[in-house]
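Per-chain numbering from 1; labels A, B, C, D and E assigned in written order.
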């Protein structure tokens, strides 16, 4: 019994079957990669996990509890965090504030009025946020406006915003897209470290095979809304179906 | 927008102290501007408070309400009813007004906050217009319609009767500890409330709650995926700003015990929006400043007439004077709206983000100029 | 609003200068960016970038995140941000620095923006048609659908609901729908499955064979360098390296220093 | 029955006006993304085009008769319209039909006003916040209004419909009712037909032309459209001009129904915003549907029978319906997702 | 000082509080013109206007009590709030000793009670509601305008002689206090004639298009439509009613009639052609031929080039009357002025002999019943006087509207 169980999930957009009878079982503490051609339905699946989309049929259970019908913030509060394909950050706020908000959400829950104390007096939160930002390599930009970051930095920031919550499950939709090699390597290190330190379960969608094969313990390959193969990195690398549908002649 | 973590607690306190001194000294420095009389200063304080409260909603969360005048109106009517039933003491009136306006805001906010953006704005507008239309007509027994609700000698005023036994005749002015709340004492009474309101708003802006509200404005979607239930946050902000409006409405009646229905009309809601944007939405002092600018032009420019203009331009040679006066008279007296309209346009065009924000920009520009010196030549303006 | 008035406000970078000539100096390269300085509001981002290209040349513009690659491309394409304050851009004898984006596009600049910018509310087909309204027209829709069959299949779907890879294809196709003299590609492989990357790589090789002058910005430096003839590396808004692509591929130190590969 | 039929007619007629004003407003909203609080002022300026045209052709040859004095002490003036002097019967005809004829003047004038407004002001606000757009256009509305007031005064200036159309048509008799039970003014019927025509024309222009597509694209992402060699600003200017003309014509034709004054724009402004939003932001059909819907409901709510059940309902019906519709349908009747939701 | 804003220098300041923006801006502008003219005449400039015809008067045209008259102005915006703010400014900042003006009853009542509390005199401008000198009357306030009751009383006989006593009336009434008092007064006086009231429908203020209220009139069986509207509302409802063919309709074998109980020239101008033949009442009209009216029309016309409106007449007279009262009382002290005005009788200010009744501070004078002119000779010649109803006929018992004057207030 894994931490996240997906059974018979289907989702159509008009005539298009974006998810076709998806079954998936994510093991607690693992790093699980989902790969597959563009348009295979990977992001759609993630959207079904976080309450952004509702599957037409099927069930999604997190720690035995159904996520369907919960609103996004409730899903986050039970321990599921998400990094988006195009960075979603608070672009009017400073980096520090960006990371303090999710930290506050963990400490204070979905809603709590604390209108009198100062933000900077929340020493615990601030420390956590600063440490987290240092971890992702943004320590020198604490009070910069996040809107002015380059895209690579925005991704790192978003990652920090998710990780600072110490979630049980992190969903990462192409976390290194657009990152330079150097930053990608840093991110791989960071994610690896997080796994070691906190045993966080991760689902990663990625097209960068370097990232996938450095991190993932298990890989599911999607095509046309359906998981076609699942296995260890070694199995996937060798699978002819995967080669044909996804990897092509790429060296991995 | 200033962000929280860049400001220090000391800096804030200093700023607030400076502000408090400026407010309390208003009779001194406003007199040369022709605005140092009690009624206008009361209006500055009261509308300042209204705008400061509105800014908690609009400036922080970005929800643009076009119906806040309804809460002002509810506050006013509540206060006058409190005068009529309980007595002329302002404190119960204010307390009741805040509570009732808050409750009303809760109801309207609860419904309206199901929508965002312009849809939210129109929902609030619709509620306020309904309140206004009904107050003007069907609800006349409660609101006294067009004339406005007033305190009459025949009103029960139970507390007054209890205190003063028989002697309750005399002027129907709100009175605290024997001091009548009009004129200068009235202004200082309002000023104290303004300072309290400002201080609360200072605290809110710098608090985790304020941070959450700013984050809602910045990216509501991210908020939801961060485990935060945005609706109650926004609703709280809505109710708080409604309570400020209720307080402002009550103070209007404390200083002048009449509640007119027009204070609920959409133009009144629009006015507070304009005040806030004009001064600088999301800034701490901007809304107060915006309120000052609008109330000043409403009261001072409308009061000019040809006679006053002739006095002002009297030093000019006759022919020139005539011409100058006839041009100037287009902008004052019955033309004061023209001045106001132009003012709106000029400020947004040249000071985007409002007076405060514009001030910051000019400051920054000057600083850059000063530092750069020859930079101008090195970076000539724009190839387009 | 046409580019006549601001002309004299641009200080010519070249010492020769003289009266700002409307025609490119003799013997100038096909494309040239000279000493570009550009700002986002108050932040000074492009700090004197300059490079030139021969007709048909492919240039890889490399650098870390935030080095200013995107900003440089946007400056060349004459978008409003960042704001060019100094410098000149010439393409085939035309002074781009005096133009707005739409004018530059008519001269033949084609930018495939980094976030794809598929237009909301329009179908795939309409996105393509849109690109052909103003002259000069490039490939026909049929040709484009042949090159990208997936787009043909989805031509009536709303563009923004395409998957990431499909959107990238649409963005490239949309630019090829115009007759482009200078193709600016901002991270064309980003977010694409390896098979598609290979496909787009093939397309780009075809484009190269057409002799289209191209600037490609790409994090996948190796892939870009395989495609390119030349390489320019940016750092902190300045050019720190300008040489052949092969040299970068061969020079490990260089790669390590600027590209971390 | 006849009462209901009459109220439906009232609704159509009122709805035509709402729809016409809301149409221009949505056009600007939906395409340029600008919240134009000066749209009501455009409606008002249109109405004053009719007034000015009337005054222009009504220019009178004034002869002063010094032998007679008015009671207030000025010499008596004798006035004869010049156009009658010049054109004879034609002059009389033009004078009589001055409202419809003033369309000829209103179109160019409104185009110019629209272009000047867009080039001179609005274009600088495309990328500003909605709040700032509201502030600046509201300021502009006040300024325009005050200029009109300074010129024409604050009192309404009546405009007569042509003599032949001044009265009411017995359409009841036509539909098989008893004669003289369902009568409806000719001019109002014309107004309804006119608004239907203008609405149809605008739709055709935007739906069936590539121009419409480009404008929609430019609204979604102007920067990218520029990358395709399209000068989107020019097209936006045209759209703005179009919206100004639609508002202006709505105003011109409304003058015989409502004697224009400088303040009429503000009164329609809020209402037309409600109509637009109920219809759904950015949706032209939505605006038209909402216009007619609200018009008809308002008519019914004003019937004594209804008012006696719910007192004051006619005062709030529009807002009440707006609230209900927005709660049931988050984006109004036909709104698109994401337009002006933040 | 023994009273508020006691003038100390060589001038005394009056506060002219008129609508400068909003629907009544034109009316307000005319009021202001009249005030300025009055100040001139008081200070001995110009031809003296009604100073020459008023009788009795102690005014001589050298200011008031030896002081020149100065004035300040403000904008009521026709809103109770704004009007009070503006009045307060004049009292608090500019030291005005008397406030006058306004063009609606809501404002008049609100400002009147402000003046009462502050302790200055209020001379009402255009206000027609029974409440102003009825249930909301105040010792410090006086009204020169007539009211809805008087309109009804004056109009009824003329209606009877024109339309007979067997009529069915349909009222459209502006849905706020003034509308209601007028509806009530007109209903009472027409029902006393034997008319039947078919229906009285309330219409929202500023409705713009009244068609949805007019169509039900068509087949209601009514043969008279009474429009209890004022200003723009009346301009619109009348225009539209005529457009629906009501004026040309035959019902119950009679010609359908429209009545506008409260008329003004500015409204008639706004409604244009549509006023022709329509009956109503007005406080004063420039075509009156008494000496006072002629003198006033002449000096106003010479100054501004057109004749004054009834609002202008009211405000002019108010300023003069106040000045005269001060002069007679020998002081500006409000209580002194009140005493001088209460029960004051005079003539020569238009409308014949006039009484300022002590019991309610309402003025009684002849009321004009007018009719839209069928053949106007100028753009101002819109109303024609049908009858000048003598004051006795419109006088009523002050007790019927309740209210209490209270004590006068000197403000100290």
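Here, a residue touches a chain if its C-beta (ideal position, glycine included) is under 8 Å from a C-beta of that chain, and two chains touch if they have at least 3 such contacts.
Heads up on the chains, UniProt names are A, C = Branched-chain amino acid transport system ATP-binding protein; D = Branched-chain amino acid transport system permease protein.
Source: prediction; values computed, not measured.
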| item | value |
| --- | --- |
| Fewest touching-chain hops separating chain C from chain E | 2 |
| Which of C-D and A-C has more C-beta pairs touching across its chains | A-C |
| Greatest separation from chain D - chain, by CA centre | A |
| Inter-centroid spacing, chain D versus chain B (mean Cα positions, whole Å) | 33 |
| Where chain D and chain E are represented by their mean Cα positions, the distance between them in whole Å | 34 |
| Where chain D touches two or more other chains at once, by residue number | 315 |
| Of all residues in chain C, the ones touching two or more other chains | 1, 100 |
| Chain E: positions in contact with at least two other chains | 25, 29, 175, 202, 204 |
| Residue ranges of chain A in contact with chain B within the complex | 50, 71-73, 76-77, 81-82, 84, 88-94, 96-97, 100-102, 104-106, 108-111, 113-122, 142-143, 145, 161, 165 |
| Partner chain D, residues of chain E touching it in the complex | 22-26, 29, 175, 199, 201-204, 206, 208-209, 211-213, 215-216, 218-219, 232, 235-236, 239-240, 243-245, 248-249, 266, 269-274, 286-287, 294, 297-298, 300-302, 305-307, 378 |
| Chain C-facing residues of chain D, complex | 210, 213-214, 216-217, 220-221, 223-233, 336, 338 |
| Contacting residues of chain D [partner chain B, same complex] | 35, 121, 124, 128, 130-132, 134-136, 138-143, 145-147, 150, 270, 273-274, 277-278, 281, 311-312, 315-316, 319-320, 322-323, 326-327, 330-332, 335, 340-342 |
| Touch list for chain B against partner chain E, complex | 34, 36-40, 43, 133, 136-137, 140, 144-148, 150, 153, 171-173, 183, 252, 256, 258, 260, 262-263, 298-299, 302-305, 307, 333-334, 336-337 |
